[in-house]
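Two complexes come next, and they have one chain in common, chain A, joined by chain B in the first and chain C in the second.
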Partner chain A sequence: MAFANTLYNTFFRRNSIFVPTIFAGAFAFGIGFDTGVTAFFDHWNKGKQWKDIRHKYVEAAEEE
Partner chain B sequence: MAFNGLKKAVTLTPSVRTLPSGVPAAPLLNLAARAPADHAHGHGASGPRSTATPRWAGGVSRTSAGLASKSYVTLPPTTPSTARFLHTSVAVKDAPQVPDFSHYRANDNDSNRAFSYFMVGTLGLVSASVAKSTVAEFLKTMSASADVLALAKVEIELATIPEGKNVIVKWRGKPVFVRHRTQAEIDEARETNWQSLRDPESDEQRVKKPEWLVMLGVCTHLGCVPIGESGDFGGWFCPCHGSHYDISGRARKGPAPLNLEIPTYEFNDAEGKLVIG
Partner chain C sequence: MLARQLSAGALRKGPALSFRQKNAFAFPRALAVRNASTASSSAFESFLNSRITLASVTLFTAGSVAWYTHLYGSLPFLSEVHASHASDEGLHPPDYPWPQKGLFDTFDHASIRRGYQVYREVCAACHSLDRIAWRNLVGVSHTADEARAMAEEVEYQDGPNDEGEMFMRPGKLADYMPGPYPNEEAARAGNAGALPPDLSLMTQARHGGANYVFALITGYVDPPAGVEVREGMNYNPFFPGGAIGMARVLFDGLVEYEDGTPATTSQMAKDVVTFLHWAAEPELDERKKNGIKAVILFSTLTLLSLYVKRFKWTPIKNRKILYDPPVDKKH
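And then the complex of A and B:
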């Protein structure tokens, strides 16, 4: 219960702290969400994207 | 009709109502009117007063309708006008046994409060993220797409243009003249008395590297495409209305009001390329 009180007194007690905390959290959440979704997409499509197969064709073009 | 009239006469309501206390009710006459503090003056609770009632406290007055008693200060008589019923039984309660809600009560108000605010804050956080990404995605639809950006730039291998030759490339639907100037042409362009020209611009303002002249091949008069290496000044000549441009693309003769326009371009020295756009 001490944790709940600490949380309340630190962030929720004053609106001047509560609202900036929400905005900062939204900013961090947006970055984290984008990073996570991109990482998942790359993992899910591993070996299918151009950046994964680029080395095959670019090296071949340089050899010619 | 006569019977009805008789019936009405018989069934008249009593003109005087008797209160439960036995006193006839006289609505306009307040028999219980008293002064705010009428005690210990040597008179009883009832009977004639020994002191005059002040005017502001009301009093009995004669009106056209009869006697009227008004009292402004004292309360109206509290004598009940309805019959009083006695009961001796205990009143039956609607819900005699109140359930025990202690099982449903929160054990700890502090953690409940913190949890509630946490949920409010989380909802606000998600809402702010959604609002931000909505606005950002909407603004992205206004920016140029990748295929448009790819068409917006043109690359030219500079090594393929020999000295003293023109190359015309298409850039955003318009021709662009690229001239690899010789040293003599550079000197000629720089020695011109450009302050006296129609659109005074020095050659240094018009080129980034003296040997490469890059400009839009659209005549500033009416938009024809001038012909290279012709005209009276060794530069360009517009066949439509006879405008002459010199080796720096400046309007020298004819109806053209301005010099040939210079697009934004960069030199990629590492790969020996010129990037227009």
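And then the complex of A and C:
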């Protein structure tokens, strides 16, 4: 109950805080979700993507 | 709670109902019980057994068959003999295990790089790739320096300059891949009247996609007995009609891969088809990532809405309405 009260008093009491909280939360969730999905995708496709094989060709170019 | 009461009621009612049904066939009118809980089911029974229902269903069936016959010119469910053979439509390609096939899988980019080499050294002699620019290769199969160096090997017409004349300059990253022929007429003239199609969207433009292209370029065989192929044409069972203007071009050891992969026919075919698949669908990675996100979000929202529905409906579904009869004052 104390937690609920704190939550209410902190975020829900004033609309001027409630709305920015939602916007900031959506922004943070968007970035975090995208990072998570991309991390999973990179892990799943390990060794297949360009960033995994790029080093072979960049070093070869520098040696020339 | 409600479900249990319902099922118990159904069990209790079960035998009585079947008994009534048996009699209903013999004396439909006489035994029709005017009872609120059974009126609808006996009405349904008599609707199912009526002659009008039989007649209308028969009419509907006959009408459907007639309509189908009129629309497609043949009776349904009856096979016919045709002068053409199914092989004239081209064999269906097998389903190959591409590295990019799965729900979460992206292209094998080393394969794209080798495939570009095969395209450049073999396919580009006849086929254009005019929707792909040099810059598209950067970050996919080549570094920016490599792509720039490759572009500079090609001369592009540019201009006009200060004197109003067109001039030639080395290519830039923003230039598109040069085609082998200046126009379609030249392409046809150089290939006995057959136009080599542009390969930019080839895996999207044919049924079977990448499987079809791979099966086609590895599927050249001698024509079977009885099949005549005209002069200058080649037999390929995967090509609709069987006769294709393009000859088999991929043979073992045709190119030399820089990463040491043995250049067998199927390896080169796989690499070049992977390259063409990327060329046709460069957005594949983004599409699959968006798909993962959509499935996660929508399934979460579905579960949430199901929970909210149950939460809201629980008191309504579990309530019990009691009838409290008025106290009988006096008779």
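Just so it is clear, the second predicted complex is superposed on the first by the 56 of 64 C-alpha atoms of A that agree within 3 Å, B and C clash if a C-alpha of one lies under 4 Å from a C-alpha of the other, contacts with A are read in each partner's own complex, and residues count from 1 in each chain.
The rule is short, and it goes like this: a residue touches a chain if its C-beta (ideal position, glycine included) is under 8 Å from a C-beta of that chain, and two chains touch if they have at least 3 such contacts.
Keep in mind it's a predicted model, so treat the numbers as computed, not measured.
Shared-chain residue A:4: touches chain B; no touch with chain C.
Of the two partner chains, chain B is the only one touched by A:12; chain C is not. Touch criterion met: A:53 reaches chain C, while chain B stays clear of it.
Of the two partner chains placed around the shared chain by superposition, chain B and chain C are both touched by A:33. By the touch criterion defined above, A:22 lies against chain B but remains apart from chain C after alignment on the C-alpha atoms of chain A. With both structures placed on the common chain, the touch criterion links A:44 to chain C but leaves chain B unconnected.
Shared interface residues of chain A (contacting chain B in one complex, chain C in the other): 33. Residues 1, 4-5, 7-8, 11-12, 18-19, 21-23, 25-26, 29-30, 33 of chain A are the ones that touch chain B when the two sit in their complex.
Note for the complex: chain C touches chain A at residues 99, 104-110, 113, 139-143, 145-146, 259, 285, 288-289, 292-293, 296. By the touch criterion stated above, chain A contacts chain C in their complex at residues 33-34, 37-38, 40-41, 44-45, 48-50, 52-54, 56-58, 61. Across the interface of their complex, chain A is touched by residues 108, 110-111, 113-115, 117-118, 121, 124-126, 128-129, 132-133 of chain B.
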